[in-house]
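In this document, chain identifiers A, B and C correspond to the written order of the chains, with residue numbering beginning at 1 in each.
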Amino acid sequence: MARSAPRPDLPVTGLDWRRYAAMAVPVGLLLLLPLYADHGASAYEHRVIVILGIDIILVLSLNLFSGFTGVFSLGHIGFMALGAYTSAILDMPVASKAINLPDLPAWLARVELGFLPAMLVAGLLAAAIALVIGLAILRLSGHYVAVATLSFLVIVRVVLINATPFTRGSRTFFGTQDYTTVWWVYAWVLITLYVAWRLLRSLYGRAMLAQREDRIAAQGIGVQVLRTRLWPFALSAFLTAVAGALWAHYIVAFSPNAFYFTETFAIITMLVVGGMGSISGSVVGTVLIVVLSEVLRNLEGGFAICAVQIPPLYGLSQILIAVAFISVLIFRREGLLGDREINFARLFERWGNGKGS
Amino acid sequence: MLEVRDIDVYYGGIRALDGVSLDVAEGELVTLIGSNGAGKTTTLRTISGLLHPKRGSIVYDGAPIHTLSPYQIVQRGISHCPEGRHIFANLTVDDNLRLGAVQRRDRAAVRRDREWVYSLFPVLEQRLGQLGGTLSGGEQQMLAIGRALMSSSRLLLLDEPSLGLAPILVETIFAVLREIKASGRTILLVEQNAYLALEIADRGYVLETGRLILHDTAEALRANAEVERSYLGG
Amino acid sequence: MSLTEYGLQQLTNALSIGSLYALMAIGLAMVFGILRLINFAHGDLMMVGSYSALGLIFIGLPYWAAIPAAVVVAALAGILMERVAYRPIRGAPDVAMLLTSFAVTIILENGAVMLVGARSRAFPIPDFLRTVYHLGNLTVASVNVVAIIATAVLLVLLTLFVTRTDIGISMRAAADDMMAAQLMGIPINRVIAAAFAIGSGLAGVAGLLWTVKVGKVDPYMGFFPVLKAFVAAVIGGFGTIPGAVVGGFVLGFLEITFQALLPGEWSAYRDALVFAILIIVLLVRPNGIVGARAREEI
């Protein structure tokens, strides 16, 4: 929803080494998280860091598509679900499959892939589905396309609940191996960051930014625009599915309920708060919301102010996040960073100048 | 009656009007002419409350109105017939006219005004049950004007009544405008067709890229060589 | 059961569920028509109405008082919702408003969880709504009959309202051309509040009928119905009241047809089919069956 023009300050070619060095800093900062998780963090903190990483991938891949095309996809969690279930089924040991998914078709029951191959296959499947769905849906505009993507989410959910031989229906899905480590997650965070960065800076990315519509046409749009939307959509679906795979192999037990409206809203909040069209914004927004949610959720169990004991108020954290969301929409619609990025090079220049003088 | 003083109006970050001032005295027909994009429509929209000036003031009957909402401004007695007609396409002619008087409580007077509108535009009475969207362009313009007349307004803002109409229809409309003027209503007319506008107006203002560049009696403007060259196709 | 009897049976089912969808869809359509806002929190108005009824009945109010009171509460909740959440963002891009309605849904649903807990509660059904009539081989639940009759009555009243009263006509005008409506001196805020009030009240009625059918209430009860109502509104012609009504009944018929036609284990997929149909409609005929006149962007 940030509507500013493509930024003129970004040179299309040629970066000096300072800029590259400057970019190493945030990446380094980011990598401190998994480092801490493995060395010294409590189990709780470890968990938060992993989930944070997965959320960053989710938000970035959504931003990849929505931030640049201006098209809001409300169905992305559907791709996450696809990634989760597909990879879980593919890399589950055959013996496990026999116990947990006895009704799986024979050809699938015999398959047992490694973690990475399963993840990639899941991602490719999601991308393929995204292409098909995209061909249908991405002609639409404005809230029509948002609603169409929401329909996709609902359809995925209905399918998940009913394709019992594959998914155990609405019951908990057991048997997933716990392959995900914090380093797997953050490796993919870096990959996603890189992909998003390249996409933004490419001419292709600029073309997408220019396509962002200001007024919403009531009818559909021509083929040209369709094509500029399709590939980001598929790419974004791929990464989202990977995030789903990572998540599934961390949580290990899950059900279709994990891939519905609440999660969709959470991701969107992170995206909007950080600013669509901004990569650093997505990271900042995600960190902010995740930390805030955790803090609030801990308070939900009841806490004391001075001598007054506040009783448990489950659901309060959700409400506060939603209120924060509305506030952003009212007071600062472009989010914290809007279209811009944190310019680390400039930050260091200023810091250097401050120290020197 | 109406005093517009030095208004600056912005669309987003772009300044559309720059220090525009104009006056309309009771009973006059004042016209605002200029080329496309000069800011004529913006001026009317600011007077009727759809837009608000960042600087300057608009005073009507001695009271400032530039911060009021369209609802309040209609209450004060100003009605605006917008550019492009904007009749309610999915409502009947009858409903359209009825809505023109939506703020009024004086039933008898409303009925009288209806009759007057029918006398000005007989075709409207014939098409009362028809949906606005099914009328021809000229009929829609008549409906738009009739609708604006249904409010008991003393000042009528008219935006481009001749737009897209065949010359015969334009003549009819302008003949009606003369009658409306004769009935005592004050009119501020924005017109692309400067020739016709200056024919029926008392005074005129010329707007160019958001600024007022000329202001004189209609006669003087008609005689003005520059006006003739730029706007009268002379 | 003969074929005609089966057909009649399904017809009543379709009409009954169609009425519910129609009532829900009207509220969505009215608000969308004027504000271009898709109010997903509309479903939670069902929930508010039903919980209010539950509460009022609990403190001893008889049905004939509790039900109308609950509908009024739903209407008021709708007005409040507009005032607090949607008026400040009026004029924002459509998607921003849609997302805000999501936020409102979360607030309402979690608020309800905080107040009354997440578990569902049984709703005491009055006896006259429990009866089931048997006509030959047909089984007709009285609640279905009530639903159909109530909807018919409300539709008549609504039609009179929007064609005869100043506010009703103003509402249609505002939906047709907001700028022109403002220039007429129509009190836009009042009109919008009225649209929310009526739409929410109707949602409250639909919610109560739904509650009686399923026998219980829970904080999330409104979420799926509002999605369905949305599909109904789009199929019929989004933004118009006739469209919402047509769409509601068409959806009711579609659902019953899917249910009847799909073999056993596939019938659960009818919901997926419904949403697939939504996508198809959006592509092929975005203005729906009734086909609202395409509005020019100003």
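Heads up, the rule we're going with is that contacts are C-beta pairs under 8 Å (C-beta built on N, C-alpha and C of every residue); 3 or more make two chains touch, one makes a residue touch a chain.
As the structure is a prediction and not an experimental result, all values here were calculated from the model.
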item: Longest centre-to-centre distance from subunit C, chain (CA-based); value: B
item: Contact-richer chain pair [B-C vs A-C]; value: A-C
item: Between subunit B and subunit A, distance of the C-alpha-averaged centres to the nearest whole Å; value: 53
item: Distance between chain centroids, defined by C-alpha means - subunit B, subunit C (Å); value: 42
item: Length of the line joining the C-alpha centres of subunit A and subunit C, rounded to whole Å; value: 33
item: Subunit C partner contacts - residues on subunit B that touch it in the complex; value: 48-50, 69-71, 73-75, 79-82, 86-91, 95, 98-100, 102-103, 133, 147, 151
item: Residues on subunit C engaged by subunit B in the complex (per definition of touch); value: 166, 169-170, 172-173, 176-177, 179-188, 293
item: Subunit A-facing residues of subunit C, complex; value: 36, 38, 85, 88-89, 92-96, 98-100, 102-104, 106-107, 109-111, 113-114, 118, 223, 227, 230-231, 234, 265, 268-269, 271-272, 275-276, 278-279, 282-283, 286, 294-295, 297
item: Residues of subunit A that touch subunit C when the two form their complex; value: 1, 72, 136-137, 139-140, 142-144, 146-148, 150-152, 154-155, 158-159, 161-162, 215-220, 261-262, 265, 268, 272, 313-316, 318-319, 321-323, 325-326, 329-330, 333
